[in-house]
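In what comes next, subunit A is part of two complexes: it sits with subunit B in the first one and with subunit C in the second one.
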Partner chain A sequence: MSRVESRGLILAHFWVAFLAFVAAALLGLYQVSERSGLFPALESNHLYFQSVSTHGVLMGFVLTTFFAMGFGYYCAIESLKRPLWSPGLAWTGFWVALVGTVLAAVALLGGQASILYTFYPPLQASPLFYLGATLLVVGSWFWCLEMVMTMRAWKQEHPGEPVPLAMFGNAVNGTLWFVTSLGVALEVLFQLLPWSLGLKETVDVGLARTLFSWTLHAIVYFWLFPAYIALYTLVPRAAGGRLFSDEVARIALIMLLVFGVPIGFHHLYMDPFQAAGWKFLHMTGTFMVAVPSFLTAFTVTASLELAGRLRGGKGLFGWIAALPWTNPIVLAGILALLLLSVGGFGGLINASYSMNSLVHNTQWVTGHFHLIFAGTTVIMYFGIAYHVWPRLTGRALFSEKLARIQLWSWAIGMVVLTFPWHALGLQGQPRRISTTPYDTPLVETWQINEVLMIVGGIILFVSAVLLVVNLAASHATRDSGAGAESFAAPVQPLLRLPTVLNGVGFWFWVLVIYMVVSYGYPIGQFFVLDTHGAFPWSI
Partner chain B sequence: MTESSAQEEEIIRNFSPRGTWALLLVLIAGMAVGWVALFVLYLSHGAVH
Partner chain C sequence: MHVDPLERKWAILSVTLMVLSMVVLGFYALEANIRPPSNVETIDSTRLHLTEEFAEDNLGVKTAADGAVHVTMVAARYGFFPRTVTVPQGVPVTIRIASADVLHGLHAPGTNFNTMVVPGYVSQLTVTFPRTGEFPVMCNEFCGLGHDYMWSRLKVVPKDQFRASLKEEVRHEQG
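Take a look at the complex of A and B:
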């Protein structure tokens, strides 16, 4: 497959991702309106949970998986200047994942899978949904293999040379996602699917939640990796500078791989079937993830500072104004870093074993993960799309001004949406409910925040439509697009690297050992302790 | 090497991320204030559970 032919593969992934995104954004607007209690005609518990489930699956699984896959292929081809290891395998993965998406969507839209994005039992969906979700994950495994094998093929052709950072980051993400997704795959294949098919009567909820926690948090880093890779390799160059340190970027990505996966129990702090010691271990790992986050914030900001100084910025903060704020991917990067700072700050409360109880299952949690996911990750997806589209279509972007309006409106809309959620959470509003028809004096104090949520939802939906319109119109512009990709060069030229910073094999086994330590006994106990339905033939 | 690229190389060679440190300190200070604000908000609503 030539670089020109590969553009179809990448665009196919991106279009599936963004069409799912715009549909999910519309559902989000419905949900904030329904939940506010201000529109009685909209109120329907049944429809609300159907919508929330579809919104979560489309955003959390479809948008992210297809985008990460498409971006991985883009980075591989553009940074290595060679074809993929097996283009046929890449297309197979795409179709398997797409068929899975369609099956899951049929179940969701038919009201047979209103079990939220986490699909925790005893909520049960139709087998069609579980089958679709499984195929989506299996399709993404083709991508994981493609990333690792393409990098390996390049290394064989270039012995001793440092793998380009963009490719290295995607190979790390492929490894992370493969290990991460095994948890939910085990849960679906051995518990949920047989249970929904009626092959067994019940399911061990504790084991199911433990297996899902394996996937539930690390999936966030799978989503976040394309954003980080772009912040390291695309944004500094687009800003007119260089990457402050290639080695630090690699260390941060490796730390995310190692510490990002075995920490899922911070989603189970209130669950009774795991002992406090294991929760403490996972909490410690969760706080370790702050280290690569700080490394990334520092390295990318320093890269931007260098760019600003090269553009004539003076003084302690003069470089900020000197940055090219009109460049969509630079603007997206700055907004993403700002929202990541705020969202990460709030996340410290969720991650803390003790403070978590203050906000557990409140709207604070919804506000936090929307700020990190939609504020940081998705805004970078937009920036990446605006950056790569002219290179993929061979045509200029329809409107850079529209892109800037879209990015600003998304960031503002996300603040308007999520800050009230944080406030509502602190005031005790639960999440995962469709209406709040109780304790009237208390609910009345929430009203201003409910209105703000709707305003935020409207801004975000309009912004989502602007994105899709701009990208679609960019297929038909007359001006020619940008040339081949050029990734950011590091300040210190990279001549040689230690083997452990130039491959993923060593870190894969470190992660496997860490996973055995963190999850071995917590999962094994379900087969040892005398709990209901704990034996292998009825897990 | 042209005059402008020589100047760029000098900026890169002498670069020290002091502005980055300053910006991160400002952000951290802002977060510290945010912590206090959230704590006050949490205390303000009284018992709801």
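Take a look at the complex of A and C:
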């Protein structure tokens, strides 16, 4: 498959992602309106939880998975200047994932899967939903294989040469996602599917939640990787500079792989079925996994400073004004870094072994992950889309100005939405509620924030529509004349790299050992505990 | 391999900051006994009413001979039982709670009283309430369409008032 032929594959992935996104954004607007209680006509707990479930699955599973896959193919083809290892397999993965998405959507829209995106048993969905979710994940495994094998094929053709960072990052992400998704895959295959089909009467909820926690944290790194890779390899060049350090970027990505998965128990701090020592062990890893984000913030900011100074910026802050703020991917990168630093701070509070009890399952958590997910990750997806669209369609972007308006409105909307949510969480509002019928003075302190979040929701939905309209219109504009992608070159040219920074094999095994240590006993205990007839495992 | 000296310093600083955070959190977990519920104790959720501890008559607040305060609760669609719990201010209170059906969570805002209630397991936590007042205890894990309406009350009262209220209750029962 040549570069031209691969464009269809990549665009197909991006379009599924963004169509799911705009539908989910509309549901989001409905949810803030319904939840506020200001519009009695909208009130319906039935519809609300159906909507939240669909919103979560579309944003968290569909948008992200399809975008990460498409972006991986783009990076592989553009950075290696060679075809994929097996284009047929890539298309197979796409169709399997799409069929899975459709099956899950049928269950969700039919009201047969209103169990939220975390689908915690003993709430039960129709088997169709579990099957669809499984197929979506299985489809993405084709991509994981494609990333690792394409990199391997290139290395065989170029012995001893450093793999381009964009490809290396995607191969790390492919490995990360494969290991990460095994937790939920085990839960669905051995617990939820047999139980929802009626083959088993009960499931062990403790084991189910433990397996889900295996996936629940590192899945965010699977989403985040395309954003970080773009910050390292696309943004510095678009800003007119170079990448400050290629090696440190690799170290950061590898740290995300190794520390990202074996730390899921910070989602289970408040759960009674895991002992304190395991929770503390997982907390240490959770704090360590903040380090690569600190490194990324430094390296990317340093790269931007370099670009600003090359463009004539002077003084301590003059380089910031000298940056090309009008370039969509640079603008997205700056906004993403700003929102990441706020959201990351909140994350450290959530990760805190003792402080977690003040915020667990409050609206604070929703505020936190919207900042990191929508504010950092998804805004980079937009930036990437604006950057690659002219190269994929061969046509110029319909309107760069519209793109800038869209990015600014998204960032502002996200602040207007999530800052009130953080406040509501600290004021004790639970996260997963459709109304606030509590007879307590506390509820009155929530009102102003309930109004603000609707304003945020409106801005965000308008922004989402602007994105899709701009991208769609860009298929029918003048010839862009955009050539091949050129990724940011490092300040210090890479001549030789230690083998461990040029491949994923070694780190995969480090991760496996770490996983056995941190999840071995906590999972094993469910097979020895007397769980009173709740089946831990069934085939 | 090339790592800029400035970047090296930044990396060392980041790791130090994180390790320091863990030490502080670890210290307070041990020193102030602020820990999440982690008792790993199973129970048959379908037969709660047949156990001694979680039978309806035994739910509520009890004071042991040594003055320790224990609270036993059941979470079931859609309420926490007993509906109102009164505890003393400034005294460690040990709370044990089990679910009779699905997953629930409960949280009294502004306090460390926050736990998941998982069917098949008993949650136990020890909380010291520093402030008096009435707190809502709200279900914070989606448990079905009645989830929004699942809440109860926690009253934190001064120690002497708590002792008086217990005596009152005993008299009431004897009468």
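Just a few scattered comments:
Keep in mind that, in the parts below, the second predicted complex is superposed on the first by the 529 of 539 C-alpha atoms of A that agree within 3 Å, B and C clash if a C-alpha of one lies under 4 Å from a C-alpha of the other, contacts with A are read in each partner's own complex, and residues count from 1 in each chain.
Everything that follows uses one rule, which is that a contact is a pair of C-beta atoms (placed from the backbone, for glycine too) under 8 Å apart; a residue touches a chain by one contact, two chains touch by 3 or more.
Note that the structure is predicted; figures quoted are calculated from it, not measured.
When both complexes are overlaid on chain A, the residue A:442 reaches subunit B and subunit C alike.
Using the contact criterion defined above for the overlaid structures, shared-chain residue A:309 touches subunit B, although it does not reach subunit C. Touched residues of subunit A were counted for both subunit B and subunit C, and C has more of them. In the superposition on chain A, A:352 makes contact with subunit C only, while subunit B stays out of contact range. In the superposition on chain A, A:433 makes contact with subunit C only, while subunit B stays out of contact range. Within the superposed three-chain model, A:244 lies in touch with subunit B and with subunit C [touch as defined at top]. With both structures placed on the common chain, the touch criterion links A:287 to subunit C but leaves subunit B unconnected.
By the document's definition of touching, of the two partners only subunit B reaches A:317; subunit C does not.
Of the two partner chains placed around the shared chain by superposition, subunit B is the only one that A:301 touches, whereas subunit C remains out of contact. With the contact threshold set out at the top, residues 244, 298, 302, 358, 427-428, 439, 442 of subunit A are in contact with subunit B in one structure and with subunit C in the other. Residue ranges of subunit B in contact with subunit A, taken from their complex: 8, 11-12, 15, 17-20, 22-24, 27, 31, 34, 38, 41-42, 45, 48-49.
By the touch criterion stated above, subunit A contacts subunit C in their complex at residues 45-46, 49, 115-116, 120-123, 204-206, 209, 244-245, 247-248, 269-276, 279-280, 283-284, 287-288, 290-291, 294-295, 298-299, 302, 348, 352-358, 360-362, 427-440, 442, 492, 497-498, 501, 525, 529-534. The touching residues of subunit C, when paired with subunit A in their complex, are 1-4, 6-7, 10-11, 14-15, 18-19, 21-22, 25-26, 28-29, 32, 34-47, 101-103, 105, 107-110, 112-116, 118-124, 134-136, 138-145, 147-149, 151. Only residues 242, 244, 297-298, 301-302, 305-306, 308-310, 315-317, 319-320, 341-342, 345, 358, 422-423, 426-428, 439, 442, 445, 491 of subunit A touch subunit B when the two sit together in their complex.
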